[in-house]
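Note that chain A is present in both complexes that follow, paired respectively with chain B and with chain C.
Showing the complex of A and B:
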């Protein structure tokens, strides 16, 4: 009923397919490498003002003063641990700290991505 | 462990995960703080008495009318600290009384805020003068 002739692949097809897949992987790897390097450089540049802001924010807050009470008046502080905990939390420069942590995380992520996508680092 | 193995290691992935969690937690805390501050500024009962650091203050004593002590904080805001019999007052290793605090002293006080936006001090420590 059906007269099917067997299909045979032309010579070199397998090598061509593998070569095309490898080429696409290479392009994708290079693109990820460029993005991660750019993001890494941008995060390092952005870290400078953010860390400066964090240091200034800590200096302007009373966080260090309250933290010193933990060591100078340990017994009193431990008996009113909720008060000292609230004081420390309220005086923490949360925005600057969040920004700094986020940029450090982005920088580490970019380093990891660069490492995963290049063949130059041994 | 070479550089490439370090950046591909499980330890770095764990560190990155911890940083992400910390960023999310701190971000949520910062947002909550801002929202709470914003809402408190519209509260007719509390709009004029809001304090950013409600559980403590550190600065120069500018007025003493026992049992209240007025402190000028770092951001030039004035806060009132209420001294009671339960308040522990210390300078270096010595325990003092409220009579030993003088105008011009630098103190740090922690305690619970009350309904008059004052701090009912649990602990007051007299500090060396702060550098200008």
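Showing the complex of A and C:
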């Protein structure tokens, strides 16, 4: 609409701005990579005692006994499937199982984050 | 937006943002800082940008906020009187015919017009430049400056009248 004196940036400013943004992107990517690798390693280390606890909890519970009934006394299980089902669920070591699943989820998240940011590793 | 696409985005909008920053700040070094900070902020908030929305108002809004923050820190402009004190001068603007005024002003010589626009208070200058140089609609300008549509139209009308006065056209 109005014809004004043109304004042009000095030579090299565009490249400087692009470079500044790319630097920020790289710093952010490196930070995400560090966090995800640290969290991944921590989750693997934490899995050891949690899985051990899960195995022990399963051994101590009656879950194996109820599950064995499904194969040894199928007719009884079918006629009382609601009671057997409830017993199976109640005998699950919920806390250890939840902890294990949560740590596995955290580990998978860290793997995903590392793979998304792996163009930093060249 | 993917990171590798962003440099293309910067190149596409760089000239317009630099022009806006320079006319706003009237200083090359400040304008360069504003431009760089604008695109860094744009990258940071690119995840929240809805792709079906127009880019220009969103990007100019970031530039506007960046420019104001920057100049506030340097105390280059005082915003206490941005709510204009020429509200009482309605008579000055009562007879403004926008189209005729735009045509008259547009015939002015380039350097004279540029100097006159750059001498205007920032709230008029910004609206005039977004409309006349960047060709944004009033609705888009309202998004950029964060003011109601009627306020933007009023600022534009008053800015034109003030510009005409500065150019001794009235």
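Operating definition for what follows: the second predicted complex is superposed on the first by the 115 of 122 C-alpha atoms of A that agree within 3 Å, B and C clash if a C-alpha of one lies under 4 Å from a C-alpha of the other, contacts with A are read in each partner's own complex, and residues count from 1 in each chain.
What we mean here is this: a contact is a pair of C-beta atoms (placed from the backbone, for glycine too) under 8 Å apart; a residue touches a chain by one contact, two chains touch by 3 or more.
Please read all numbers here as calculations on a predicted model, not as lab measurements.
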| item | value |
| --- | --- |
| Contacts of A:73 with chain B and chain C, given as first, second, both or neither | first |
| Superposition-derived comparison: chain B or chain C, residues of chain A touched | B |
| Which of chain B and chain C A:39 touches, first, second, both or neither | neither |
| Partner chain(s) touched by A:4 [first = chain B, second = chain C, both, neither] | second |
| First, second, both or neither for A:22, with chain B first and chain C second | second |
| Which superposed partner A:104 touches (first chain B, second chain C, both, neither) | first |
| Touched partner set for A:95, first chain B, second chain C, both or neither | first |
| Which of chain B and chain C A:51 touches, first, second, both or neither | neither |
| Chain B/chain C common contact set on chain A | none |
| Parts of chain B lying in touch with chain A, wherever the complex brings them together | 2-4, 7-8, 12-13, 15-16, 19-20, 22-23, 26-27, 29-30, 33, 52-58, 73-75, 88, 90, 108, 110-112, 122-123, 125, 127 |
| Chain A to chain B touching residues, read off their complex | 60-62, 65-66, 68-69, 72-73, 76-77, 80, 83-84, 86-87, 89-91, 94-95, 97-98, 101-102, 104-105, 108-109, 111-112, 114-116, 121-122 |
| Chain C-facing residues of chain A, complex | 1-5, 7-10, 13-14, 16-18, 20-22, 24-25 |
| For the chain C and chain A complex, residues of the former touching the latter | 3, 6-7, 10-11, 14-15, 18-19, 22-23, 28, 32, 35-36, 39-40, 43-44, 102, 105-106, 110-111, 113-114, 117, 128, 131-133, 135 |
